[in-house]
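Structure first, commentary second.
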Amino acid sequence: MVMGDLKFCPKEGLSRWVEELSREHTVLVPQQAGDAVEFLPFAEGSELSLDRQPTAPPKKSVFPQTETLMRFEYQKDPEHPDRQTLQIKETLPGKEKTVILGCRPCGARGFSVFDPVFGQGEYLDPYYQARREHTVFVSLACRHPENTCFCNWVGGGPADSAGSDVLMLPAGGGYVLRPVTDQGRQIVEVGGFEDASPEQQTEADRLAEEAAENLSPAPELEEVPDKLFELFENLDFWELMAAKCISCGACTYLCPTCYCFNISDEYSGLQGKRIRTWDNCMSNLFTHEASGHNPRPTKAQRLRNRVGHKFSYYPKLHEQVFACCGCGRCIKSCPMSVDIREIVLSAKEYADE
Amino acid sequence: MKYVAELKAKIREKLPELDVVIGWKQGFDPVHASPAFMTTPEEIEQLVVNPLCVQNLATYLPGLKGKKVGIVARECDTRSIGELLQESLIEREELTVFSVKCPGAVDLVKLRQQVGDLGRVRSISFDGPRVTVETPDESSSLDLGELLPGKCRVMAYDEPVLADFRFVDPDQDTVCREEADTDLVALEQMDLDERFAYWRGHLDRCIRCYACRNVCPMCVCQDQCIADTRDPHWLSAETDVRQKWMFQLIHAMHLAGRCTECGECERACPMDIPILTIRRKLNREIHELFGYTSGMDVDAVPPLLTFQPEEKSITEREW
Amino acid sequence: MSAGNGRELRIVGFLCNWCSYGGADTAGVSRLGQPTDLRIIRLPCTGRMDPLFMFKALLSGADGVLVSGCHPRDCHYSEGNFYARRRLELAKRLLPTLGFDSGRFEYTWVSASEGKRWQQVVTAFTEQIHTLGPGPKFSH
Amino acid sequence: MKIGVFVCHCGSNIAGTVDVAGVAQAAKNFPEVAFATDLLYSCSEPGQEAIVQAVQEHDLDGVVVAACTPRMHEPTFRRAVERAGLNRYMFEMANIREHCSWVGKDKDANTRKASDLVLQAVEKLRFDRPLQAKSFDINKRVLVVGGGVAGIQAALDCADGGLEVVLLEKTSTIGGKMAKLDKTFPTVDCSSCILGPKMVDVSMHPNITLYAYAELESVEGYVGNFEVSVKKKATYVDWDKCTGCGLCMEKCPSKKAYDAFNEGIAPTRAINIPFPQAIPKRAVIDPTYCRQFIKGKCGVCAKVCPTEAIDYEMQDSFVQEKVGAVITATGYDLFDYRKYGEYGGGRYPDVITSMQYERLLNASGPTGGHIQRPSDGREPKKVVFIQCVGSRDKSVDRPYCSGFCCMYTAKQTILTKDHIPDSQSYVFYMDIRAPGKMYDEFTRRAMEEYGAQYIRGRVSQVYPYKDSLIVRGVDTLLGSQVEIEADLVVLAVGAEASRGASELAEKLRISYDAYGFYMESHPKLRPVETNTAGVYLAGACQGSKDIPASVGQGSAAAAKVLALFSKDQLESDPQVALVSQARCVGCGKCVQTCPFGAIQLAEDRAGNPKAEVIETVCQGCGLCTVTCPQSAIQLQHFTDNQILAEVNALCQQAMEESFES
Amino acid sequence: MNNPYLPEIAIVKEIIQETHNIKTFRLVFKDPDKMEQCVFEPGQVGQLSVFGTGESTFVINSPPTQKEYLQFSVMRAGEVTTKLHSLKVGDQIGVRAPLGNCFPYEAMKGKDIIIVGGGIGMAPLRTLLLYLLDNRQDYGEIKVIYGARSPEDLCFTYEFEQWRQKGADLVLTVDKEFPGWTERVGFVPAVLAEEAPAPMNRVAITCGPPIMIKFVLKGLKELDFADEQIITTLEKRMKCGIGLCGRCNIGTKYVCVDGPVFTQAELNELPAEL
């Protein structure tokens, strides 16, 4: 880290910076909407809501809930209406830059789970890649971890920089801005901030450390992937874990790392589009086949796949990294208070009788 | 609640005859309770009954059809049970109702408005109408009445619709009460354009997770919901506000005359969308039109599954 | 006979086959002139009229929805319109809460012989919708 | 999929106010439309041929015809489409005549509308699926309800055609109103002379089972397979033993019983046979007058009956019959003459109804055919007839013309003259309705040959004066008030729906109009059919009519039944509800709301409850489809997706426009 | 960048009605160059798009040597297959192919082959069979057992003679006796037991309805086939076909990219979630 990189943004300078950024980019900032906090485009007069963890993570900015993959049109020759030709038009996202400002480090970290799948495999996802490339994350380090936070279990932390371009560290009545990437550096430059003083830097580090200390200690999870694999056929275990689950999608749709999707066509008249939309592995229909067969007909089997994917299959395929950023939204947004930490620990501690 | 010991004893007594007893236990943090599926005496020990026990456990009953199930239920929860029985979605013989006098309930959104992020609450305790909440920064003393969910302020339930065993503390008062429906009143004071904008704005937040549907005890379709099918193709997979709005209307209309106003849909909504208001409006109209309140009479016929050749309350508009 | 200022609004009609569709036919046979905004969807019975079709139409941009069936007691299927009356009345009463004028939706009864009445219904409803103007708009 | 669109000119009916070629051109750009053209008369032979040819030439999978109402020609085109080799349900109609060209004046607007309607039909057709009718056996027996002349004719024609007939009559004899008449217009031949033999034929016919003094209790089932329950009302006489000798009637001490057959102009006995030619000729006890029932003792009839047929303990009994079709011939009732207070009906004994007058004229009536005033038995010299009593009068909710009163009044003036040569008849009338064969000549004869004096105008009051009645009215032709001193006033009461007609209609699930007359399927083209398959109408139950029309309809209904039964199996309409077993959750709400009992809960292989449609019972109303929250039960040809497609087609543009940005 | 979601436009060149609910489609890319460039291996799949309805996965059942067209056989079951069945010659659809893995035809060289197919399951096997027959000299005995419910339910009947001529030992069977049927009668597993191919130096490839597969696998075990010698194909609900959308996995394996072809030995390694 080059010392001169660290800048200080006083609290009252923040909205000016955002305003400045929003001249050239779409800037999504957490704002109060009803009783929720959402990432909404910054407009003049928008009030930033930075005290609460946003209700939904910034996932949709890079992986929108509905992505139009292509448009299609049947063209007809009025002289020969029986001969219609098909036109397909690829609809890649534009190249405009989007800045996400005020997400938590875990929210940005979520994309590090996407990247190996959408941007590094045999098949590259051009929609994801285009958006990923053109999105800059300015993450706000956490001062007060919540009861549901467990980023430290999965390799993150209150001031984790993975996936972020700039880290905003609360200090001295403002924020120490720590660029993580070149993109981040450019963004910070826009603000024309003064360098952060050593005192400010020390305070920022101290507060980050304090926050980390406030997290409950992370358990050892190394054996979990194998353990879950072993438990696969123990349906009793999964039925117990899933008893209170109601198979809704609150956990998956609010998860910064869940990337399962559906593809479907919608049309009107001769035109239509093929869209990609978030899908929910907890839904019975997710794997329901046209024949009526369903490999995962019960919620226990579906929960097994969800937890298995995050804590076993994904790490086995991707260098032991868990497909979870520990943000805790699945826990606190669950209407029935299903706690994924409890499931993982139960699996870890499960002993065959 | 003082009756909890007695309740535990009774569940212990009945457990050998039952496959499972559903109650509540402490959840992952001080402010969250969680459904408990009790099959062993040890699990019964974890049972709690306090104003944080907000889930309507009746929602699990249709999924457990065929099993002998015991359920701990507040008065309002028994209304949902009544409706399920009325529609033959569950069997009375399979059911044992441990009816508890409601200790009141905490709307966590309202609590959050008072004390800030719930994730920072260290402890919460109840002493009659007083609620004491501790966070690292401060300690607040709140009035339980102010924290009641909206659903507890529109109807007073003194007695359960049905019960096998009843648990009430001496001198325990009914906490819920019948007052004006403030959400609906506020909405109806807006002009039409404002109401349209109100819903468009709120529903835009919807993420189509269907927590509202899946938590609803009266949603019989579950895996077969028309929100998810292409035949019929009522909704597209798109996430524009029309689809979201249409879904709410599908849910509301399918619940018309059946909704027991347990408020779980609104409570479950992770995006805090005030969707109960639509159902409540329909219930109010149903009451006015048909003098009917769902779930209160196990032998009644839901009003949309029957008719009168002369409808007293429907004025035929002459066109 | 065009209502309003000449610009058509979109009105979707749902008519039962036996009475009101026939009533509309009777009006046609009698050359009873009507505004041209209405488009009719034929249903076997108003009992087939899911109130959700009405909501769907209004959310899809229709400015008005009209349902018409057999008079109560005259249902070809004995009871269809009795059920419809309850469902539709309820749906109508919900509209204002959602921000739609309840006048955007009407349901009524017109028999196969009531061509004149059908003409009056269409004319009055079309005028009503023109008075209300285009339905509420969505924007992205 | 390839869809063909055919836009009909209907001569100038459509083409006059719709740019037909323009609509066809627009249709070429609709989804999956592979062929579109306009036709001069699509329903004509060449028009249909063009459709058939286009289907074959262009390998079409479905056809849209934009023309008149489907209520008119849908069957026609379905047959054409079938001739072309397609399933007949791969067809939709766009009604651009009744709903468009005939009601809109603006050609541009009409053309746009017609295009929308075609698009709507195309979008629906894209979700049409071939439907196959299912065949089922039929029970070739027919139930005829009502033993008046229409019912008799229908029963005889069916029986002669080889069908087993169950004939139901609510009174103790068949014959109906006609049996009460003296003579019939316009031939003035004896009513019982022409009806009597038919009644005997009924009693003798081996194919006819007659239940007199019986009513229809309930009807289950569907065309081809109805199950009916017949209530045989207690007669207190064992008809298997009764020989109709009449001894009981002779000896019965209760002599003040109401004589319905004679319209109450004279009393009868508590046990009676209505008239000598009654079929069946069997006695019935009227317990409201019988001393055995009122006082608990008498028993005279039981003592005198040579066959010991009297049974005071008799109860109503029920018989079940299985039939494949039902003909309703329940006739009519007469307007209550007391409703016009100003005529004094019911107050003055010498103001009587036309039917009562018929009984006075009838040689087998209580006066032996001598016209005698009810008040004093004197022979009337001046008889005033008032027409339209309960006809063509909105104020008594009878706006319709009963159709036969003008004729029977003319007949009665002739008969009056025949009986009392020095009498004078006066007729107050509104218009003379005499459109039948020889009818107008007949009324003229009454006036010209028999001197009946016709006065065009309404009577305002009838009041007693000395021992006669003053009839005050107005002669609208002369524009003057008229007063006639009459010895007898005869009210030409109109016809109204038979009492109990609506209850029967509900049992049969047929519709009736505001006055209780049964609704035919089509006022012109299907006059004896109802909208419930297998139920037909004969006679005045469908609307007031005279004897020849009733007989004609009786035969017509019989012909319909014979045609229906000419096949051994019937095909059910495949536009019925279909359950997706995979999606049904077995909640049973559809079972609860189906008006026809056409849905039952069955179990699938795994033992889960599933709704099941009895296809032959389902009438295709679609109530279940709306009731089912998961839409697992779909009315075929009117599925959610089809209606949604129509809604979407109609809102397509509106939707685009309603986006503000 | 190559967009893996984007189908190529193809034209329906020929439609063969195989049975009452199975149609075979021969497709040609609209762009002749694409036709030229389309290289695939036996067993690989394609995604067929009817725009407005959606996409569905089918095995390419023409052999790689067939350069004129791509062939897919489709059984009518859901929304997309129903729409596919309504297509006419000349209609345009979308194709994403090839996707997935292929039969290990190289490793099968020099070995005897037993192919066991049932109903529509013959479609994926056809491409392999034609490949083997095209390279007849590289393989030993090629025995094919193909069964269906009735003679009307057999696909590719018009090619049977050709297969035999090219050196396949074709055993046909239907579930019960039918008038005019002169070949074998009985369920496929029973016929397999009768034929009793020796497991020595042989590979078994099977595809068909789940219940048939279950008993064929049992039968092969009884004949002492090792799990490594048994090859089958898996079907799952798929959307993206490129391993991203997350529904077709069995544990760590994604049927769309790691399959559809698996040996029984590979399947044994996977959790039991078929």
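Chains here go by letter, A, B, C, D and E, matching the order in which they are written, and residues are numbered from 1 within each.
In this text, a contact is a pair of C-beta atoms (placed from the backbone, for glycine too) under 8 Å apart; a residue touches a chain by one contact, two chains touch by 3 or more.
Not measured: the values here are computed from a predicted model.
Both chain B and chain C are touched by D. Across the two candidate interfaces, C-D and D-E, the one carrying more C-beta contacts is C-D.
In this view the innermost chain, defined by its CA centroid being closest to the centroid of all protein CA atoms, is C. Relative to the C-alpha centre of chain C, the farthest chain centre belongs to E.
Ranked by separation of Cα centres from chain D, the top chain is A.
Chain D and chain E, compared by their mean Cα positions, are separated by 63 Å. Computed from the mean C-alpha positions, the centre of chain C lies at a distance of 53 Å from the centre of chain E.
Once the centre of each chain is set as its mean CA position, chain A and chain B turn out to be 30 Å apart.
Per-chain CA centroids place chain A at a distance of 71 Å from chain D.
Each of the following residues of chain B touches two or more other chains: 222, 230-231, 234, 240. Contact with two or more other chains is made by residues 74, 82, 262, 264 of chain A. Residue positions of chain C with contacts to 2 or more other chains are 56, 60, 79, 83, 87, 138, 140. On the side of chain E, the complex with chain A involves touching residues 1-7, 9, 49, 51-56, 77-81, 90-94, 210, 235-237, 239-240, 242-252, 257, 271-274. Here chain D touches chain C in the complex through residues 69-72, 95, 97-100, 102-106, 109-110, 112-113, 116-117, 120, 506, 509, 511-512, 531, 575, 593, 595-596, 619-623, 625-627, 635, 638, 640, 643-644, 646-648, 650-651, 653-661, going by the rule given at the top.
Those residues of chain D that touch chain E in the shared complex are 1-2, 59, 61.
Of all residues in chain B, only 87-89, 220-222, 224-226, 229, 231-234, 254, 301, 305 touch chain D in the complex they form.
Chain contact summary for the complex, chain E toward chain D: residues 86, 88.
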